[in-house]
Amino acid sequence: MTSNMYTIQRISDADARAVIDAAAACATQIGVPQNIAIVDESGHLVAFRRMDGAKFISIEIALAKALTASGTRKATRDIAPVTIPGEPGFGIQNLAGGRFTTLAGGIPLATGNVVVGAIGVSSGSTHEDQTVAQAGADFFAARHHGQR
Amino acid sequence: MTSNMYTIQRISDADARAVIDAAAACATQIGVPQNIAIVDESGHLVAFRRMDGAKFISIEIALAKALTASGTRKATRDIAPVTIPGEPGFGIQNLAGGRFTTLAGGIPLATGNVVVGAIGVSSGSTHEDQTVAQAGADFFAARHHGQR
Amino acid sequence: MTSNMYTIQRISDADARAVIDAAAACATQIGVPQNIAIVDESGHLVAFRRMDGAKFISIEIALAKALTASGTRKATRDIAPVTIPGEPGFGIQNLAGGRFTTLAGGIPLATGNVVVGAIGVSSGSTHEDQTVAQAGADFFAARHHGQR
Amino acid sequence: MTSNMYTIQRISDADARAVIDAAAACATQIGVPQNIAIVDESGHLVAFRRMDGAKFISIEIALAKALTASGTRKATRDIAPVTIPGEPGFGIQNLAGGRFTTLAGGIPLATGNVVVGAIGVSSGSTHEDQTVAQAGADFFAARHHGQR
């Protein structure tokens, strides 16, 4: 009898924390305390760190960025252009109970081309958030010889 | 072993009421009854006054303005320009369960450069709301020789 | 004029992660992967870990336990007895937007008698959740020569 | 032409603050910092004070107590007995979006037998909350030579 179960690759707890460490090191280097969230391939929270001094209102935004990047399998800032008025994605930010965001700072984490989770960063400018999220994503890619 | 507890400055109950008094005096002077909310550095309500005649639907808006100003550590009206379509912050108003707003009238309250709370005002035009919130913020700054 | 700012002690990022490490070590020892959340004295998330295999539906429950323990300054299981029908706290679980819980597994973290945060654990039985939360709370108390 | 407008008596901003002052004086006397909310006859917030040290989770509970007392025109603790399992009001705590509560500490404010608002108090034990709410209600009754 053959199994037809569907096998999923999911980011591990250990990897999630290592990605947060890499992102937090970048945040420390640029001098911006950050909220850093890692979700799995289903959008559920795996790990989170609020560095001392990060904004409380950005906790939910970091979670939303990670959720959106995991769910769309795209970097959040790459979604933004199609959501302006007149474009096909206009209004998508209202979905997912207000947890869908196109603010920069959410990046999927993939091995090969399979998305296994995502990182979301928020408390600085969107440029700073993106920089810190990218540091986490780069670390993950290097560790897994993966990409994007 | 050393303690590394994180020490926070928070607006006091007495200060919160004095800020409301100052803002309400301004509202009386310009003839616009207002809802005036003060939250602490974590966004939690410390004091509130609805002047006789202020709009009930603006109660929640005053709370949202104060929450947003405390959480972002910025005046709400200064956030608005980066949230129009095509700008990096487009869509941010949908976050925080609908309690994030860029309507003028929310201003952080700081001592030195540490945000200890925020004021949110709503029931008049956004110009009137901003004027009244500024009166409260100015009072607080004068009392504490702080700024912003 | 004198400043009367209100000074608050808040759990640090570093302490929050150390408490999670201690709780996770206990969870590993009893063989139950757990969701472990640390919130600050205002109920905002500071750190979170979902150990591989912990239940996704328990993520929110761990957060609720930590929020409740921080907000009430009591262990969640100690609140339960006064909430049964006929007791004065009956119905309190419906408050706080459904984020108030009396399930065992939420414990405040204090130095001296000042609550600076809380731990919430969920994914096992309530007995297992309580055991793991207590391991985290004991570690924190030992580190800070505090109590409760 | 006759007017058939419906005239409403509503607690004033000035009275709301005076009631809070009276309740806060009682809270200080018994040594329990409290969250104190006053809503109008429509359940909308008129005034609020969080005394330094009152629990953040009890902010919403104070608001719920005031809302419930204004809406039912009954003291919240008097509603509790009919809401236990088997009684006709069982489950009513789930209504009003989780803002209906039978916890002691909510009392209507009336002139003659017309309810013009309500006070809700929360952060202490239910006994302490009730005591402080009663101090506020007694002050209001004395000021208006009204009653329950």
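Structural remarks
Going in written order, the chains are labelled A, B, C and D, and every chain counts its residues from 1.
Rule of thumb we're sticking to: a contact is a pair of C-beta atoms (placed from the backbone, for glycine too) under 8 Å apart; a residue touches a chain by one contact, two chains touch by 3 or more.
In UniProt terms the chains read A, B, C, D = Heme-binding protein.
Keep in mind that this is a model prediction, so the values were computed, not measured.
Think of each touching pair as a link: the shortest run of links from chain A to chain D has 2 of them.
Between the Cα centres of chain C and chain D there is a gap of 30 Å. Inter-chain spacing, taken between the CA centroids of chain B and chain D, is 26 Å.
Of all residues in chain B, those that touch two or more other chains are 6, 12-13, 42-44. With chains as nodes and touching pairs as edges, the resulting graph is of another kind, matching none of line, ring, star or complete. Every pair of chains meeting the touch criterion is listed here: A-B, A-C, B-C, B-D, C-D. Those residues of chain C lying in contact with chain A across their complex are 12-13, 17, 42, 44-52, 56, 59.
Those residues of chain D whose C-beta lies close enough to touch chain C in the complex are 52, 55-58, 60-61, 64, 77, 80, 83-85, 93-94, 98-104, 126-127. The residues of chain B lying in touch with chain A in their complex are 6, 42-43, 67-68, 70-73, 85-86, 88-92, 94-98, 100. In the complex of the two chains, the chain C residues touching chain B come out as 1, 3-15, 40, 42-44, 111, 116, 143-144.
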